[in-house]
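Listed below are the structures to be examined.
Heads up, the next two complexes both have chain A, just with different partners, chain B and then chain C.
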Partner chain A sequence: MSTRLPTFGNVELTETLQDWRLLSGIVLFVVLALYPGITLNAYHTRLLTWIMCFAIAAMGFNIVLGYTGLLSFGHAAFFGTGMYTVVLVMGQAGINDLVVLLLLAMIMSGIVGAIIGALSVKTHEIYFALLTLALAQLLYILAVRDIGGLTRGTDGIGVSRPDFFGIPVSELSAQIYLLGFYYHVVLVALAATIVLLWFVLRSPFGLTLKMIRENETRAEMTGVPVLRYRVYSMILSAMIVGLGGALYAVLIGHITPEYLDWTMSGEIVFMALLGGIGTFFGPVIGAGGFIMLQELALSYTEYWHFTMGLVLFVVVLTLRENGIWGGAKTLVEMITDRRGEQ
Partner chain B sequence: MIPETLLGQPFVLGHTFNGLYFAALLFFASVGLTLVFGILNLLNMAHAAFYGLGAYVAVWTLNNIGDITTSVAALLVVLVLVIPLVVFVLAAALDKSVFAPLYDIEPVYQLLATFGVILMLDDIIKYIWGGTPISVAAATNPSRQLGTVDVLGASISMYRSFVILIAVCCAVGLYLMFVKTKIGKISQAMSEDYEMVQMLGINVTRVRVLIFSLSIAIAALGGALFVPFAVATPAVTLEYVLLSFAVIVIGGLGSLKGVIVASLIIGMVRSFGIAYVPAIELAIVFALMVVVIIVKPEGLFGDQGVVE
Partner chain C sequence: MSTEPILKTENVRKDFGSIVAVDGVSVEFYDDEIVGIIGPNGAGKTTFTNLISGALPLTDGTIVFDGEDISSLQKYKRVRRGLVRSFQIPQIYDEMTVFENMQASVLSRKQENNRLFMPTNRDSASVSETERLLELFNLEAHADDHTEHLPHGVRKVLDVAMSFALEPEIMILDEPTSGVGSREKNAVMETITEAAVEQHIGLIFIEHDMELIRDYSDRIIALHEGRVLADDDVAAVMESEEVNQFILEGGV
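Up next, the complex of A and B:
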């Protein structure tokens, strides 16, 4: 009954650094960094920032699903915690520095991740999915019914633009704030997440997670404290998803409890799955694919839910854990293999 | 403090009655979900979406039937027999097409694929009936026509009593089907060992389509019965998807008895919760779900068969 996922290739570190992937990564980063300055296109920059926030969240989510083999249907709790931490710390404590806000958001999400993780790691498969769903839904109800008197219920709360290391960037006009400053913060955050996870998931820690996913009993027998590692995986995942949420909160400027609802969890799962939960970069591609598909569908029809549902259905039945990124990789391999034979 | 009037006998009676009514609706929405999982090993997240569909179909039918008949008996027949029958045929077609490939994949992927089905159904409903809430017109609304009676000072809706009665009939009917009929016994055997039943030369696909369509039809029946007393909105689907999962988890996946008991528990919790602690009424339901999964993951009756 265990979820079948492919094993990840165990690439040596030195090999990795000489890889073409590092070079293309740097080129892509530079191109993306220059993009708003050259095009001055606010719509595209906003869309890209949006995609990158969710790319961070989807990568964070995939630590639990792709690497540890647990389907969580409650990651909206961490995304929402990140968002609400930013807005509440800003509003209640008056802290207005972006870096401090992001760190606090990650810590808070990590704490929520530790609690939800500790309560749910003993369960498996659908029970894990349903338990994380129920726990996240409790948090959603807390925010909707405004039980602490902080969240203002469904009305939500506005988010003002934070400063950066004492530099009053918030005084810039909204357009320049996004094009010249905020976009680059999110880009750096995404790059940092990718680099961090690339190393963490290839470290003994990451390999242990994969071992638990592949064979829990064997991991237990070789002395791995399985449950504790699952909690670690939830905490790391929650912190990164919380970072994505915190960055997104500042981008959209207004947050509501909807971001804590289970349909939000579903969207994060959807993104990771679309890109490929069995691949490292899949979730990034998935976030981009999901948001662009949604924008495209919305421009043609108001019935974009149907389009998204159909895509999800087809992806689950055809590409499964490979997603579009894994599918594309297989396609490229097939083509190069055929060339090699000729 | 709770005002003294809130503790009065009519009040408690009224809320017990409402709890039974909630329980009836929850039973309709979730019994099929647990049967399809228990017998056919399909975890269909989109199950309760058919509850929402039933609600919309019922509003549309009742609002267009006025020219033909307004007699209460005819309206009730439409809600209890005609709509579920139509949905039964639709579900059979869907089982052969959309749901057929889902039986062979792992539960986690079933959950995700059927989440996609919810999204699709959501927009199909919006396309046909629009996104704004719609409700049944007074002239053809059986709940208005049936009125209320006074029982020990509490005002009891005749229509709601009828819904509770239908739920009881439905539960008894399902129990008898599983215990007395051949199809029911085959279904029980399938929940034990699907492949063995297949090897005995029984057409399992036919039984599968029957169980699936029956399950979906019961969900639609619930939606149809729910709507004269409420409004049909897209949010109904999402609410009942969550609640039906709470019911089957608390009761135990795959257990008919579990669904009945859990529906009663959640129905009562919601009814008295709304009266005494309205802010956290829904939170209690999810807290219960959390406690059950942590303490007894198999649910109250999940370690037993479908009908034991």
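Up next, the complex of A and C:
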């Protein structure tokens, strides 16, 4: 069995598998939801919130890379657009409700995704990567140069705490706000993203993206407007990445143009590759792996970039598009197969 | 025979630099006939089909499909109208199962590519139609196989079947049996032509195998150096002196 994407086939088997997955998903969700309340560990809760923000972004990114087969190096533009939308709408328009801010961030990122997508989907591979990179850098320059006087250049802007459906959660103490509220918002957002993409990527729409990835000529000759669907995939991807960015902006409380920079795009690509671009959950695992590895490497050595590079090198070389998650799945299958034989 | 041609080319021409690959071809096709296109290598057969499907832009001339000028219509729009082709080298989706490959065509024909929340394996309408098509083309044993591991002959049949799933008005087959074992060639042609007749699909097929041409065509168009050498029923073309001189004796 391939680890690329779950295949169809025996419907009964798929359904059993889905039930099993659904069950473990719910258990995991409950455990994660209870975690801060039980441990009261602010450091770990913050780290988990951080990971989940990037897990959302990496999943969104993988729509374009893993499903549509396009390597974008410009996803920082969508992440940063999400962040700046939150802070600018708060500061300039005085809108303070978290849910409204998140929705606006997704819409703005979607618009930027549509523009960058429309300008780059005619190109392929390296050209697509470079074009998206260049267009994203334009936004970075705009933010650094403080054009329009909104972004305050490299100094960045502080983000105050938003409210939630009129409940003044921003007045809670910092500890309770994170452990009892914001962590759970991000957790629910991640769960919603997973459920949404689980359905969308298995739908005829998701199949259409895979058709384009696997054989563009055939997709076109099957009546699919290939370029249009590439733009659709960029828009969807940008919206999800923008959501991750917006959530992250509220978490860290201060944003600077570096989140629009190409190194940010690189980190998102890194996470997806680490976890496995050919798998559904890979990017989530990749985001966790990346951030924990970074924390670990930072505390032991100043050469943490080197350590990270080495890990990615080994993972990509040995596991390729399956990444850590795909590799783990294969391992489990091998073990269960062997048990089955005995 | 139908009175109105479903597909008509008028003085279609294609230049590649100073080379004229297709030089003023005017032919008609009907939705209830099987037309074989023959000609030596370089006669312009594949270029001609690429012009019809829109893979290459015309240098000059017009293509009329179902009464409308489609000369500059985008490829996918021609497909949606019912002008469909298959490929000499199978163009299928690797890393997807045979079932998914087929279902992709079924869903695209119904233009359901935008449906967002129904998992494809739960969509009973397209699933049962896909199963029926796999059975029709004897592919059901391979349904769950990934296409990259299939033997060439099966890939070829799948390629034709995927085009067939689009329920075209007319279908262009570029060497539908190349690479298919000689014993299976007739079976493949039999399946395609029977299904085509049953569903009123006009067939245009390029073929080097003269026996297949003779057995399955209602009419033959012979191309030579980009021009139509002969366009007549099977017996007339096979007996034509020019055709014998340029094509049949050329050892195709």
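In this section, the second predicted complex is superposed on the first by the 325 of 342 C-alpha atoms of A that agree within 3 Å, B and C clash if a C-alpha of one lies under 4 Å from a C-alpha of the other, contacts with A are read in each partner's own complex, and residues count from 1 in each chain.
Please note the rule applied: a contact is a pair of C-beta atoms (placed from the backbone, for glycine too) under 8 Å apart; a residue touches a chain by one contact, two chains touch by 3 or more.
For clarity, every value in this text was computed on a predicted model and none was experimentally measured.
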{"item": "Partner chain(s) touched by A:211 [first = chain B, second = chain C, both, neither]", "value": "second"}
{"item": "First (chain B), second (chain C), both or neither touched by A:312", "value": "first"}
{"item": "Contacts of A:222 with chain B and chain C, given as first, second, both or neither", "value": "second"}
{"item": "Contacts of A:266 with chain B and chain C, given as first, second, both or neither", "value": "first"}
{"item": "Chain C versus chain B, contacts on chain A by residue", "value": "B"}
{"item": "Which superposed partner A:138 touches (first chain B, second chain C, both, neither)", "value": "first"}
{"item": "Chain A positions touched by chain B in one structure and by chain C in the second", "value": "4"}
{"item": "Residue numbers on chain B that touch chain A, as the complex places them", "value": "43, 98, 101-102, 105-109, 111-113, 115-124, 126-127, 238, 242, 245-246, 249, 279-280, 282-283, 286-287, 289-290, 293-294, 297"}
{"item": "Chain A residues touching chain B - in the complex, by the definition given at the top", "value": "1, 3-4, 71, 73, 119-120, 122-123, 125-127, 129-131, 133-135, 137-138, 141-142, 145, 147, 262-263, 266, 269-270, 273, 302-306, 308-313, 316-317, 320"}
{"item": "Touch list for chain C against partner chain A, complex", "value": "53, 74-77, 79-80, 84-85, 87, 91-97, 99-100, 103-105, 107-109, 111-121, 123, 126, 143-144, 146, 162-163, 166"}
{"item": "In the complex with chain C, residue positions of chain A that touch it", "value": "2, 4-5, 7-11, 14, 199-200, 202-208, 210-211, 214-215, 217-218, 220-226, 229"}
